[in-house]
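This is the structure I want to talk about, given as structure tokens.
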């Protein structure tokens, strides 16, 4: 293997500047040697690779739900669903990530769309996934044979390497969002995939209101003694809106009574967790629901890692880095790493709340002891 | 300090037998020397101290609820409640543990009784505690100022070193059981106690249906983001019967549908757990509710460590070691370490179930990696 | 089963006093009812069971090494070693624990003695054990077939349920101390025992300077990649004096250079740990070596749980509760729970150090989150 | 913000193929809509993003040590060292990663070079780092003020956010390799950096044979009682070759005696671990030393995640994916994710061994429960 025969991918133009050696023919010669040997000096790259704080390659960006739904509907008409394509999913492509379907450097967020009566074929993959439903109903996701109803406000985690298919039992199409750690698995090259059956069976097409997983696991503080092992990801496959809504309402009520229940005044939040260990529902993704009382604002905060928000209900505004948007039901926006962000609800304290679903890559950093956060003066 | 002046507590009669040295005057002399120096040979004690398997000093025993209640009522008339005595509690004294108020070598179980309008004064202790209510209502236990309703079927954990008082807001007396790790703390000499206020205040005498702890924590799979630390013991201070009942009913229904949900055919069970880590609600005590379908029997099982059962509803029979009892609502019985035990519900599969509350010291052994269990041929 | 036929073990004399109900015939009658039903009220027992802080049933006590050795030698002449008796071990019996062979409520400490050429037969038990050698050499303990040299200063842990035998390959007898959690296992009723072969084989009677366990595990910060599982107890079966001595000497030297290395001025200490998790070598017992510079004293400290100290070298004094002793090589003393204790080395700063081996039940309390300690004004 | 004004980074040519919708003008129109809204369908990307198993973007590649050293020497003459450039380090640029200084998608590996008397200025960063020395001596790395000798065979971890500088106290230049998780931190955008003092002080320029960290921590199985907290990364800052060499030699000797000590016949390996928890020395990088007996070969294995190997001594061959190289002292090669690899030592069983240093990103996958490995038929 002689490097001379293939052009080196390394390009090292000699540049003057602080911390850089004085340009000279000898330096030019040295840099050409580096290129031949596939070497890159730290001193030309350190500013990019080792900044004082994260400078995200991703941009803050907002996607309007009505636009996404319109394109998904059109795709429903034009793009058949089946083996190979697997899912009718349209992924948010961060405008600063080169056209790749990555909402942030680690997170995938997509709108998925199923026509009446349609089935998405069964497969499994090591990427962790969840569904969140901002509106509609009628689809059941079938995880390891357990049909799980999907309805407005539900969070439906589905940990890696579980078989899953989707089934629209309704006469209307349905759209929802999928979150996955696809970009993280892609960069770190740790993903496996397996095709399952092309069609699920009749029993799996049943449409129970409550899945088996909920019947076993959705009891506060209770675990089945038959299943006492600690599981890496949650065995509870549906977190229902009624529970989430009640938990958020209670936090605001407790705050009004003088208790420490909210993140900051008027800002309630719950995290979806794995009942077998109290940690995040999925090993690589955090999912939370936030509620701001009318007129209230969150603290302005920076965090290591990135997030995707979807407005669930109400209206307000979001500020991320230099961007500021008014937001309404279904709108999605991304918060890149270490960019300051805050959310504000429209209206008065006794008016409607602003409810937002959020997911992030925080568990990755916590597992590696690399998390950092900083609240800023509003 | 000369040992000759005080009689040694060590008594070492020379005895012949397998593994023992031949009796002789020299051996007598040696044994007297051991006594003087406060030494005891292994070879005289090994059979007692190092048996092939645990041989519990405790006996299986049954206490009838009606008898306990009758004595508690009488105590309600004769024994005032106040500072010093602290609680009108009558502890089960295992017949083989020397008259001490120990249900088993590690567990305290007592009936506590509060007259109408009575308050039990505030204190705190490092011993972990819980209340379980087999019948009645009207008392609120006030933990760190949070009034917690106590009603039939509720499990109310209260971890060590939290301030607590009790308040009977009803016109009837009320009885319930307390479980604590008092004997364990007593043997291992690790307990602290502190007196609190003699009387709780008016706000704490409120009688809300749901405590603040439930409003924050009793949402399946959800955690308040304002409280994401891992807690040693559960922050959820009431596990309500409606939830427990539903979880048990679902397990039997799932079993009927062919799913793995029960411990064995017809035997459902849930464990009360700490939502911040998925472990037992208290660091030293496990608490569970068991339900046997009419006519069903549990497996016969031995476990390291001891348990106390209380029948919550239904009727049936219990077998522990050589003992066998018919049991009905409120009856309490103990299972000593490594004694085989099983439970059987009366009636037919479509008849009433037998529901039992159980608590044990299992978390101690699991924390120290000393747990063992063995299912036996029925 | 009628309680009338057997006398109740419960005895409840009516006594007047603070927190106690007024004596009366009705109260007498009530107490007799408690006895019949095997009940004990909290109000008569609370002072004993729930003290403000631990009040140990054990007493501080000192055993002189020369007396122990003399009795062990005599036992070597009179008491044969073999199956059934298993070990020629003489256990310290705390003077306040009723003549039982318990150094403290949780810990067993014994001198064991092996005559030239003698073998102690193979067995295993779930109780955790270790050997510590204050003087002598010539014995190999054979753990799962691995012969492990025992020499002055060595700490030799041997976790529960491992086969072990001992073999004296020398022409002299040898004595050492054994530490076990026998009392803890006895009270909590969690112990299992199994007899092994009566004699170990020729290969196991080899006398290597280093055991296989050391050759695999005794390399600082290094683990064999073939054994990367986390082990409940240490796989390293010998901690050699040369390493311990060097570590202690370095701490004092680092302290002299101004670094934070010692527990308090002049007081160095190392803990014997499990290289697979950094925790204590054994799940239920902590073992440490302490060194006091000549003239230095430890802090006065109280801790939940009990300890046994053995002087390894040097001379000084120990203070435990109200007791104070001068101590020298081999002397053993116990520190009951929550009793203040301190140690002081004789001599000048440039003179000999006082070295002490210590073991305690601290891991039990840490595993259950019940540890507490308090440094006192000297 | 109107998307029309800025060209979208998304490019979605309509392509026919399995799993793809039939090309049509309507589909063209739909795809243009996706571009405008910054959406990318899953069905065009799934093959790339969700392969059946990891298909690494990185290539197997070998760098010859003599070439690296020659270029580093030349850089020593031409490139001054100082604030801004920070380090005279030349990073391996994987030929398939676009000319970036990334040995693999997650790992940075560089040769660093210090001229006689030179100092590298102090800084700290959250990226974890280590140094490994294949030859030479004379440099001390100063971590938080503790000067740490660097000599042939030493592994010198330096966890994130610790201050560090380097000081060449010798009359010769010295080269070594640095390993960091720079690419991982770069992709996940989680890095912080801080400049320290431009020059370290006189005390820090001392050249002790053993660092303070070793004097406290480099004692097998022993921990200072003054430092019993669990640390996220190792407090031991130098793992010396003498220890590593002995551990490897013992494994081969134990294997010859019939014990389970090696990974496979003739293949010994040790892992550098954190003595406070038994885990990898650094939270994101695994470091190991491997030794193959003359003539022996490792198993052929695939693993999730990537590795960098450096030959420390001996000669042999390495096979990675479709590549096969003969290797000798200092040569570096990379193993991309899920590529099969094996190593073989030249010579006879009684000849010299082949010793290799290896580091990888395995702890990332283990922390997230995403690890997988597979041994293949040789």
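Labels A, B, C and D are assigned to the chains in the order they are written; within every chain, residues are numbered from 1.
Assume a contact is a pair of C-beta atoms (placed from the backbone, for glycine too) under 8 Å apart; a residue touches a chain by one contact, two chains touch by 3 or more.
All values derive from a computational prediction rather than experimental measurement.
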(message) So if I look at the partners of chain B and the partners of chain C, which chains show up in both lists?
(response) none
(request) Name, by label, each chain that touches both members of the pair chain A and chain B. (result) none
(message) With centres defined as the mean C-alpha position, give me the chain B-chain D separation in Å.
(response) 52
(request) Between chain A and chain D, tell me the centre distance in angstrom, where each centre is the average of that chain's C-alpha atoms. (result) 29
(message) Taking the mean of the CA coordinates per chain, how far is chain C from chain D in Å?
(response) 44
(request) Would you please write down the residue numbers of chain C that are in contact with two or more other chains? (result) none
(message) Please list each pair of chains that are touching.
(response) A-B, A-D, B-C, C-D
(message) List the residues on chain C that touch chain D in their complex, please.
(response) 212, 215-226, 228, 230, 234, 236, 239, 243-244, 246-247, 250-251, 253-254, 257, 259-263, 269-278, 281, 288
(request) Name, in rising order, each residue of chain D that touches chain A in their complex. (result) 1, 6, 8-11, 18-21, 24, 26-27, 30, 33-34, 37-43, 45-46, 49-58, 61-63, 67-68, 71, 74-75, 78-80, 82-101, 105-106, 110-111, 125-127, 160, 182, 184-194, 232, 283-284, 304-306, 336-338, 361, 363-365, 367-370, 372
